[in-house]
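When the chains are written out, they are named A, B, C and D in that same order, and each has its own residue count from 1.
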């Protein structure tokens, strides 16, 4: 049993905690939170040991009627692996603390690549993380891109990727974030940081990315162009992607024309939180013009990195090889729509 | 066992079907749909017998690989009660068909009150629906208002209700509806139709309502003023509402400051589709100025009427009294946050 | 000629500067800005003397090719009246500086009432500001409410005001503000601060307000209930409001059903920036139920306080009485749709 | 004097009417409208002769106190050129009527290319429209793309264009259009119709386009990639675009990071309706990776085609050559930020 601690229990942290709990070969040592809000109460209902992420705030939990098992240091000391799910930048600050307890740590994509030896995507470079002390699971967008680049470059060779990332302005709970009524080039400069981030996984990839931010909360949408090295048909590419376990090729007749309906589909299917761990590629959009592949995909920013975190835990602890881990994670979570 | 058919399998219909399936004293005879979209595929996965709502379109289901059990008439003939969940206005057109099979029918709040003998809210007038052949479960907003008016008028007497309904522009799946960036008085004339609709439940109530429509999809929010007939404290009102099984009084420290977080809370708690069947009244907002009560509540338009439909089925078939039915519905669904 | 300086050249400041420039009895001494952004360039094109609001940043203006006439202190020293249009809270910090030059100062509604001797609305309490050294022009919402309360209480007596303020989440330029997809009670506690703010103008008024924030940028919308002391008809109230120079009663046949169309109407009419200085009351919404008046009005947050600032300048310098000033301001700006 | 009639007086029509009125060599014969809404009242204030677009509705204008000069047929008969600004598809229905009076007609981009002999963009193919009887001014998006393709292909040669068009869901007045909270691939199939539409102007251009629709109303944003035939620097491209009269290269220090601020800038500058006739290309975004040019541009859908309509009138009547017409249009309207 791998004992896993989760530090930072927000959008990503709570999903990682649930996913870890669902693994037969893992055990949730506990979660560390800064404040006793609604998420803390649900954690208690789920029986997750609660640690105070900021020791001075521990009394707030008691006042709110929530028993704590200790403070975050104790959780880190106790865990075999700690998954840091704190806001961007805080992870880097926590690094020394994790190292001081010799606890291998996983960071999220909001951190700079330098936070860890290895940036990680299960499909693309699982082995790079084996035995590592610090691993960064790349961001939701980079994960989404990596899952396409890996099979495409293996099957056909990739000459160049050009991606426009139309990003949601904030998650559904982030009600102070905008924009309300604008389409923002973000960053305005090109290429955006997403391209270099993909190169932490595929160092030699030629990729240029452009980012925008729009008033939507449900999913990102990528408008993707990949110039392949081979001449292939769209049907062939589609078949390739349909064979990927973490890619869902949206069938034509389903009426799934946007994120609202994709989320409803996931909710109808009984997915926890309506999570969509898979890239959602519109089948109808997969097109070839010469060697230029085009497609649209939607990425559920809140959850696509969750199976990757689970796999990263196994890679770091050398508990399984890539194929085994991915299969186990997929089966226990229910990946595959 | 009460055999229940559901005609119209969209936002409301799919939830009614699931809720009926969860009742020990009911059986889902089947659902009727117009087209084999994603919702049809999920219904099949759930094992719901599928009927073609429009006979000529039955072949489309076959083409999509979905077996149908027949056409809607057969479902109506077979069911003890039919729940009509078709779009506003279509229910009225279906009335004669239901009557021709002598199948008691439940209609939704999008229909005019004249569609049925009785408009229905379980908390307020369950007995009016006992043995009725046609019942209309009132709309999401009217349900939300009725659940407050009932206890307030019983406990304190209500002199007058003034409600401003800030309504979501569309459900999350309705991606062609607006507004995108506007606040629309809707209707512009005052009072809006909501007040008279509440009077189908409380015929003598003095109530004036104003409606608006805004660019949000998650929940409606009501800004409510009730002039009571007695002098009471806000604390007393709060206690009263906390005693209501279909009202959730949001605790202060939970950080639940809007619909985005309320939905996340429901999703975290494992609610199917993140549904919130209860009125969500902000505890902190409950205030008294003289005999004027003020409060804010959020109403999950997609689901608050679901327990009401279940109770309406029992009322019409005289299968239980109000208290029994409400308790059974609440228990089987998991009402109560 | 009253020499007027404007400190803070953003949404409100640039409009005040233009409005002052349009007055025959006033002269714009200059404007103070913190940074040489697009608004600074337009100011230069308009020939407005530019002062550096933060002396250390003066070189940035030079680098951007913008000549400055000095720093803010010089502007304050030079002006007969300074209009502070800095962000909420900054005005209070500037108070001492203005006092040190003995320059009478006008503050905006983002400041606490305590910032000035008098809170001001031209229609309601012009005379209170005569000769004052510090005046606060109340916020856009309070201005909008005051313009209705004044005539209603004069004509009929007001027993109680209950107002729900459905506020825009941010101005069109404020692209980092949300919410994106939520309806937020804001503040959650009732009454909101707006009621007390209206009482800075009408000390004895019984008024309870509820505030919300929604994903829209164009205008606020108020759902208003006023219990009058007299029995009157809706037609009578409408006539009363049609007689108010800063209230526009939207005619029925114009198809103006929201802020988007109201703004287009103002733009079509050649209004500078499409500004709507008047309260926009939907004629069709004006209704009486007993002594309860109901109506909807839209308030253009960016501009309704502009004529009030102009009048406040005249009041403080005792340059005209209320009727004269209001008439002159209206005529020079073009108030009256 | 060219006598110009405008049929359809909405978003585009009212702007065309104003632009025509501002031309020294043109005269507005009148405008035809279907209903006497707010726009009709403003037209009357501007002294535009009003014609009933639907003869049976003429009495509605009289009831609204608006005098009509006749019905649309009379306007068509009287005009030297008619500019059709009716909704998509209606223009094609009007074609025969225009032909029956031998009145040359201009159609808008909502019509299929087949509606006219020639599709038109002043910068790219002015001469094709000389003397034509029917011309279609291409859509806002196609106009925006053509203004970049023309100089780029002249200066460097264009190997291929790949454009992602992030389109506003509706204009500010279109308050029933969505989406409210979604990012919609639209159309889902690739390439979108925009590429072929650009080829009505540049028949041999290799161009692939992807379209999306998002919850914003102010401007479209294009994420553009152009593979050039020459090796050039970004600085060189920037200089080229800065030399184009209908392209505004946004300077870095202006803080213009989105459409909200661009519109404010235009409004501050006194532009009628805050119109931005120019493509707005972010200077900071202009980048070269090898021969791949990347940039972001914002397109004001409501107004970028207006100068093109004016030029099309001159081309069809052979009143000026391209350079003369463009210069005159730019000068009279004030094109050039």
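As a convention for this text, a contact is a pair of C-beta atoms (placed from the backbone, for glycine too) under 8 Å apart; a residue touches a chain by one contact, two chains touch by 3 or more.
Values in this document were obtained by computation on a predicted structure and should not be read as measured data.
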Label of the chain whose CA centroid is most distant from the centroid of chain C: A
Chain C-chain D separation of Cα centroids, rounded to whole Å: 36
Whole-Å gap between the CA centroids of chain B and chain C: 42
Sites on chain C at which at least two other chains make contact: 172, 174-175, 179-182, 184, 215-218, 257-258, 260
Chain contact topology (line, ring, star, complete or other): complete
Contact set on chain D toward chain A in their complex: 162, 164, 166, 168, 179, 181-185, 188-191, 208, 210, 212, 214-221, 223, 225, 257-260, 282, 284-285, 287, 289, 292, 294-296, 298
Contact set on chain C toward chain D in their complex: 14, 35-39, 41-42, 45, 64, 171-175, 180-181, 217-218, 253-258, 260-261, 263-265, 267-270, 272-274
Residues on chain D engaged by chain B in the complex (per definition of touch): 169-170, 172, 174-182, 184, 215-217
